[in-house]
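The two complexes that follow have subunit A in common; it is paired with subunit B in the first and with subunit C in the second.
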Partner chain A sequence: MVYRLSFVLWRVRIVMQLLVTYFLWWAIFSQHETLFGYTQSMMLTYILLSAVVRPFVMGTRTQEVGMMINDGSLSNYLTRPINLFRLFWSRDIADKSLNIIFAIGEIAILILLLKPSIILQANITVLLFTFLALVIGVVLFFYFSMLLSLLGFWTSEIWGPRFLSFILVEFFGGMLFPLDILPESLFRVSTLLPFSYFIYFPLKVYLGQLSVISMISGLGVGLVWALGLKLLTELLWRRGLMVYSSEGK
Partner chain B sequence: MKTVRKYFILWGKLTANSFLSILASRFGASIFLLGKTLRFLFFFVFLLTIFTKISFIATYSVAQAVFFFLTFNLIDTTTQLFFREVYRFRQLVVTGDFDLVLTKPMNPLFRALVGGADPLDLLMLIPYIGLLIYLSLQLGGIQFWSVTLYLILILNGFLIAAGFHILVLALAVVTTEIDHTIMIYRDLTSMGRVPIDIYREPLRGILTFIIPIGIMMTFPAKAFLGLLSPTSMLLAFIVGLVFFILSVRIWRFALTQYSSASS
Partner chain C sequence: MKAYLKIYKMLLKINFSSLVMYRSNFINSTLSSMAWAVFNFVGIIILTSRVSTVFGWKREELIVLTASFTILTGIFHMLFSKNFERIPKLANSGDLDRILLYPIDSQFSVSFWEIHYSHLIRIPVGIGILFYLFGLLKISITWQQIIMFMFFLVVGLIIQYCIWFLATTITVRLTRLSNIPEVLYSVTGIARYPRELFRQLTDYVFIFLLPLTLIIVTPVKVLFNQLTLSEIFLFFGVAISFLYISRKFWKYSLRYYTSASS
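So, the complex of A and B:
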């Protein structure tokens, strides 16, 4: 019963986070037809779909790796014939599946209750690019989150960097708004960071606001980021194992 | 008077311990402080970005909207400064260590609510207060009555925040669940980063009368700007007091349900 309540409250929290952003934008659009190149339906579609994209891309269990390193329980896994990265990929897929099922149900209920005008993308090419952008986002976030956890090899202060990364991702990932509403200079900075591939880029593709060339180049840059983070994570993993002391066990 | 003195000394000792414990790790504290600063700056940028396109939101100018945002941060940060221990309460309940609190000659609500202040929030308050004073001067000067009403309504907001935290603690005693409920509270109050008048009905009414976020976050700034009627002020005090008393009663009931989970 305790865990069921915890689960229910966790889902309530997810819906609450969505509603806070949704109602803010709904209020902002109350006096305007179009803002920052977005109609109300485009913006509300962005906000509602971000609630599905977010758990799909950012639903992860990799933060546990940092704790495992710090409390020494990583040793239990190192002695087994399993690849830790693959293990956490499996866990992430299970976690994402659970999140997605609930997120879709919650969004469907919210759409029925709030009756917003939303955009349903029917262009197969755009949907295909959206899917590819999501896959790149998933890979990118996995290695990004794993990278933060691997800091545990060198410090027990793993929550500080994760908290900081959450603040950065919330802003530069486009969790509250599409990044292209920002002033030009800030928007340019955001495109240089990998965070925009978590939420903003897949949704921008879905809304059909990018040309084919922009979509392809965006996917290319995302792929380079994903590859770079993968190599860096693997390097840190190998270096980290050299200094790992199984402290606490 | 003797009891008040005793609790004041106790609070001082608990706060000193908490400060020492958090500041023991300077790296972690610095990172958290940087994160909190960035979170403030990022929403500030978002607010200004919105105002580059629209001059007014629900009749509020950009300076007024920033004043509302700073008032939200003042109340939110002060609340976190004093009530940080609530975030650690679950551990006490699930390990059964709450028994040790109950057996001590100290009010358990006092220990659970204000037993571990956060020094990082104290540091964050300095720029917020500085910016509030600067902005209030820009908005047309500081007048005795507007400042007095502002401060009284902030205290009232603080009372409501205390009520919310007590409800979270009560739920934790009964169910051991706290992590999500405290974050639901945080998400809900984040709607007060902007004046609640901008929201459409029935949400605006809900945020004023059912979940009093508006009274907590928006009313003080409205009073300072001379936009709050005496009736609304009276309503704010009644809601604040009733909400606090009700939450304390719920806490007392929750204590009767405590089952000392793992001891």
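So, the complex of A and C:
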């Protein structure tokens, strides 16, 4: 809150990006009742809720780990009796909480102003599966981001892979549009990657467009990805500590 | 003028040497830049795959808009954006003192010092898409239209430069607003969409966004012979006004720069 104006600017940026996507889809659906298997209300619900899901799943401070490794400040944490992964989990939860509060507030204001026809899910089973999908998304993204940061043990140029991954996540994560509107081949590629579990899968579950079997199998695949990334991250962490030389300190 | 051109030539050489020294950095940046350009196109192609028009713009016109945006952002990010990211850091750390002591214009120093060659890749990607699209649709473009398009693109570049410069100059006084360049990256991204999209917002917001909506839309309208005289006057009027205001604002802000015990 010390940098209040900075924070306000950041929120303005997020709202502007959301509004552009919202009006683009609103314009596209003004000529069609259904498109790509979605109605206007389904698509606008997807776009508006992605603005809430995104900070929840992808709000993270783990990108700082890479910088800590490169400037040697990781040593300060290694000498303390704390688990770095648990520390960053705590920081992430705090970061997510703040972002969620503001995101919900912004979406509520936009809904009041724009009055879109949105879908309010009332099915308890669907809501439960949505929650589970979100939790898997959170875990998956945490380890994915941590993995990118741990590259800092072997290279000082960590921002390059991170920036490239950001582009891939932006596209294959379903932030701009639901992935099933992509051509079949591209959609198949996206389902093989873990990114679809960040935004697309939880929202697809929420919209009630998946059968129970599809939801369960989706959660299963997401869980496998999360476990796989967790194991890979822990392996890289152990290997990385062996080569860590605390440069910069 | 000659002296400044000589200095700029030297800066181009120095930045190129830096590129050669950090080759993997350059390759990473180029790949990222190209990926952004390609995904912008893929996004707009997918969004318009089932509709004939969006806000009165045909699909091919929207793709031309995206291609032109790609060219302009390639030039802008190559020449200016790193410098604008630097301004808040200079003001915050007090290193702006050193810049102000140089025997050259301070606006030139802060605006042109760094050149990011990796964004050059966006220019041929954008031009390639334009040529491919016009060839595919058998749209004939005259040389005069191409020259006018390039000229209007340069004026659009000037408007974008002035917007960024005005916004980042604020950090000279309000040093805590260090995230302004990051906000600008997103905000100027709206320039690739038709102006009519922003008419949905209230007039107050639309007026605020109007300069951004002129940057790409006006040059593209040249290619489709859709530009009106009033739009031309508005375009040049905005460019000249913003050039004047940004210069004055920079000079005004420097009067309140207090350094940071450098």
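Observations on the model:
Rule of thumb we're sticking to: the second predicted complex is superposed on the first by the 247 of 249 C-alpha atoms of A that agree within 3 Å, B and C clash if a C-alpha of one lies under 4 Å from a C-alpha of the other, contacts with A are read in each partner's own complex, and residues count from 1 in each chain.
The rule is simple: a contact is a pair of C-beta atoms (placed from the backbone, for glycine too) under 8 Å apart; a residue touches a chain by one contact, two chains touch by 3 or more.
Keep in mind that this is a model prediction, so the values were computed, not measured.
In the three-chain model built by superposing on subunit A, subunit B clashes with subunit C.
Looking at the shared chain after the overlay, A:13 reaches both subunit B and subunit C.
Residue contacts after overlaying the shared chain place A:36 against subunit B and subunit C alike.
By the touch criterion stated above, A:185 is placed in contact with neither subunit B nor subunit C.
In the superposition on chain A, contact of A:79 is made with neither subunit B nor subunit C.
In the superposition on chain A, A:211 contacts neither subunit B nor subunit C. Under the contact criterion defined above, the residues of subunit A that touch both subunit B in one complex and subunit C in the other are 2, 5-6, 9-10, 12-13, 16-17, 20, 23-24, 26-28, 31-32, 35-36, 157, 159-161, 163-164, 167-168, 170-171, 176-177, 181-182.
By the touch criterion given at the top, residues 2-3, 5-6, 9-10, 12-13, 16-17, 19-20, 23-28, 31-32, 35-36, 157, 159-161, 163-164, 167-168, 170-171, 176-177, 181-182 of subunit A touch subunit C in their complex. The touching residues of subunit A, counted against subunit B in their complex, run 2, 5-6, 9-10, 12-13, 16-17, 20, 23-24, 26-28, 30-32, 35-36, 155, 157, 159-161, 163-164, 166-168, 170-171, 176-177, 181-183, 186. If you check the complex, the residues on subunit B that touch subunit A are 25, 27-28, 30-32, 34-35, 38-39, 42, 45-46, 49-50, 52-54, 57-58, 175-177, 179-181, 183-184, 187-188, 190-191, 194, 198-200, 203. On the subunit C side of its complex with subunit A, the touching residues are 24-25, 28-29, 31-32, 35-36, 39, 42-43, 46-48, 50-55, 174, 176-180, 182-183, 186-187, 189-190, 193, 197-198, 200-201.
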